[in-house]
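In what follows, chain A forms one complex with chain B and a second complex with chain C.
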Partner chain A sequence: MEYQNPQVPEGINVSKQHPLKEFAWMLATVGAITLAVVLLLSLLAGWLVKFVPFSVEQQLASQVIQQLPPSASGPNHLQVETYLQQLADKLVANAPLPEGMTITVHYVDDSTVNAAATLGGHVLMYRGLLEKLPNENALAMVMAHEIAHVRHRDPMMSLGRGVVVTTALAALSGFSDTQLSGWVVGFSGNLTLLKFSRDQEHAADENGLLAVHATYGHTGGSEQLFEVLAQAHGDREAWATFLATHPLGDERIAALVEQAQRNGWQQSGPLTPLPEFVRQL
Partner chain B sequence: MENLIGFVTLLILGYVFGRLAERRHFRSIIKREHQYAGTLTFSAKTPPADMAVANARLVSGNVVVSVDYFKQVLAGLRALLGGRVSAYETLVERARREAILRMKEQARQLDAEMIFNVKLETASISKGEQQQVGSVEVFAYGTALVPQKTATASPNLGQPMASRESA
Partner chain C sequence: MIITNIETVPGKTIVKHLGMVQGNTVRAKHVGKDILAGFKNVFGGELKSYTDLLTESREEATQRMEAQASAIGANAVINVRYSTSSVAAGAAELFVYGTAVVVEDASSGS
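Here is the complex of A and B:
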C-alpha cells in the first residue's frame, strides 16, 4: 500500500469575497435594519407618551429635580427667580397650557449659555444665557420655547424614547461578541434620535413665537435670541446640522420670519427692557 | 466624533497590517509546506505493517494567531446577520497549517519520515471577554516514526524525505 499526502489546492477553505466588499455590505445592512427598528420604536414610544398623564410625569420629575444644582446663594437670586416665574406665568396666561400642566422656573447660577425644559414642567434658566440676552422679548422667546417643549411633552417623549431605544440597541448589539458592532448599531440609532429632536425644536420655536406674539402684540426681539445663541455656540458648518440636536440659527430665524409673515404678525415693536437686577448679573 | 475617528483609524490600521501579516504568513506557509512535503502526516492510528520502525516519538506543534481589529468588527457584524465568518476562516486556516508545519519541523529533526495519529486541538483565547483581542490557538500532535537506518549510517539529516525514500 502506497502512503502519500496529496497536495491540497490553495484557497479551498477560504471565501473568495473581498473583505472590504463584505464589510460595506454588512455595515449597510446592519445600519438600515437598526435605523428601521429604532425609528419604529421611537414612533411607538412617542405615541404611547400621550397616554401617560402629566401627574405621572410630575412624580418622575421629583427625582430629576433633586439632581439639579442647588439654588444659588446670590443676593438677588430669589428676585431673579420670581421675575422669571412671573414672565412664564404671563406667557402661559396668553397661550394657555392643557389642564393640570404647570410651569416651575428654576434659576441656575451657572455660566452655561442655555435654557432647558425637563420632566414635570420644570424649566431651567441659566445665568450664562440671561447675561447675554438684550431684552425681555428675547428672554420671553426662550421661555416660551421651553414651555412649548413642556406642552408637547417632549421631555417625557425623550425619556420614553431613550429607555425604549437604549434597551433595543443593547439587545441588538448584545447578539454580537464585539463591542464594536454594538458601537456601529449605537451610532445609527443616535442619528435617528437627533432627527426627532430637530423636529421637536422646530415645533417648540413655532409655538414659542405664538406665545410671544400673544403677549407682546409683535414678534420683535425673538430673532435676537438666535443671534445670541449662534454667537455663544459658534456658527457651525451646514454639514454639521445633520449631527446636531438643534437646527442652525439662520435656519430658525428664517422659519420664524416665515411664520410671522404667514400669520400677518407685526415683526417689530417696542422692546421691553430687562429689569435692572437682571442686567446687573 | 472623536469616537468615530478612533474607530475608523483602528479599522484602517487593522485592515492594512492584518492583511500584510496574513499575506506574509501565507507565503511563508506555502514555501515551508513544499520544503516539508516529504514528512507525511496521517490521522490513522497504526503505521503500515511492513514498516521497520526504529523509534516512535511524540511530536507536537503549537501556535497562537491573533485577530486584527478589522476582522473582529467584520466577525461582529457577521454575528448579527449570520453566514460564513470568512474573516476567521483564513485565521483558523493559518493557525492549523502553521501548527502542522511546526510539528513536521520537530519530526524532521528526529529524522522521522511519517507522523501517524495526527490530531489537532483548537482553543480560543480570551473567549467572551469584551474589549479584548481574540486569538486562536491550534495545537497539532502525533506519533513520529523514525525508520530503521541501513548499515551505512548516512548523515542525511535535512535532506528532503522524498529523495531518501527513493534511495
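Here is the complex of A and C:
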C-alpha cells in the first residue's frame, strides 16, 4: 500500500455564500415579517379602538388639555374662542354628533396655518389660519372638517395605532420595560400631532361639507379654505406638515365640487363675513 | 464513493492511503421550530424538528467529507466516525471524519 498525504483543497467545509449577502437576505426577511405583523396589529388596533366609549377618550384627553399653550395671551382671546365655540355648536346642531360626544374649541395664539382635532372632541384653531381665512364659510368648512374627525373617532384610532406600533417595535427591538414605557409616554406627549390617513381626510372633508351645507344652505366659500392652504405653500414650515398628511388642494376641491353636484347642492350663495375682532387678529 | 466505518473494504484491496478527510456543519432550526420543540417538552415525545435537524446536518457533513475525498483522488473513505457538539443555543455541530483511500478489486490487486 502506497502512502501519500496530499493537501485537501480549502473551502469545502465553508459556505461559499458571502456572509453579507446572507445577512441582507435575513434582514430583508425579518424586516418584511416585522412590517407585516406591525401593519396587522395597527389595523386591528384601529378597528378595536372604535369600540372604546367616548367618555374614556375624554379622560385620556385631560392630558392633552394640559399641554395646550396657555390661553388668554391676547386681549380678545376669550372673545375669539367664544365665537369659535359658537360656530362649532351651530355646525353640530345642524349635523348632530352621536350621543355623548362634545366639541370643545381652543383658540391657539400661534402663527401656524393649521387646525387640528385631537382626543376627547378638542379642536385646536390656530391664529395663523384664522388670519388667512376670508369669510366665515371657509372657517366653518375647516371647523366642520375637524368635527368630522372627532365624529369618525380618527384621533382615537390614530392614538391606538401609534401606541400599538411603538409598543410592538419597542418589544421587537428588545428595549427594557422602563425604556418602553418612557417611549409610549413620549408618544402620547405629542397627542396634538396625531396624523390621519388620506382616506380619513377625505371622509372628514365629505362629512364637513355636509355640515356646512346643512348650516348655510349652500357650499360656497368652502373651496376658499383649500385655496388659502395652497397659498400657504410658500410658508414652507406650515405647509410641510400639512402636505404630509393631507391630500392636495386641487384634488380636495374637485372632490367637494363632485359631492355637491351629486347631491344637487347649491355651490354659491351669500357669504357670511367674519366678525370684526377676528378680522383684526 | 465507498463509505465504511471498518478499516477495510470487503472484496477490495487498498492500494493507496491519502490521509484524513473531514466534513462538518453547524445548523440551526428556525425560531418557529424551536418554539414548537419547547411546547413538545411539556408533553414529551420525539422532537421531530431536531431529529430532522441532525439528520440534515449528518448528510451535509458526509457530503462535504466525500467532496474532500474526491478532490484528492480517493474512491473510498474508510474508518469513518461521527461526532457532535453543541456550539450555540439551538444549534448543533455535526463532524464526520475518515481516511481517504484508493481501492481496487481484490482480483486485480497486487
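In this section, the second predicted complex is superposed on the first by the 208 of 281 C-alpha atoms of A that agree within 3 Å, B and C clash if a C-alpha of one lies under 4 Å from a C-alpha of the other, contacts with A are read in each partner's own complex, and residues count from 1 in each chain.
Definition applied: a contact is a pair of C-beta atoms (placed from the backbone, for glycine too) under 8 Å apart; a residue touches a chain by one contact, two chains touch by 3 or more.
Computed from a prediction, not measured in an experiment: that's the story for all the values here.
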_chain B versus chain C, judged by how many residues of chain A each one touches_ = B
*First, second, both or neither for A:P6, with chain B first and chain C second*: second
_So in the superposed three-chain picture, is A:Q280 touching just chain B, just chain C, both, or none of them (first/second/both/neither)?_
neither
*Which of chain B and chain C A:Q66 touches, first, second, both or neither*: neither
*Counting only touches as set out at the top, which of chain B and chain C does A:P19 meet: first, second, both, neither?*
first
*asked:* Contact-wise, after the overlay, does A:V30 reach chain B, chain C, both or neither (first, second, both, neither)?
replied: first
*Overlap of the chain B and chain C footprints on chain A, residue-wise?*
1, 3-5, 7, 13
_Residue numbers of chain A touching chain C in their complex, please._
1-9, 12-13
*asked:* Which residues of chain B touch chain A once you look at their complex with the stated criterion?
replied: 1, 3-4, 7, 15, 19, 30, 37, 40-42, 48, 69-81, 84, 86-87, 89-90, 93, 114, 128, 130-131, 134
*Which positions of chain A touch chain B when the two form their complex?*
1, 3-5, 7, 10, 13-15, 17, 19-20, 22-23, 26-27, 29-30, 172, 175-185, 187, 243
*Quick one: in the complex, what on chain C touches chain A?*
14-19, 21-25, 64, 67-68, 71-73
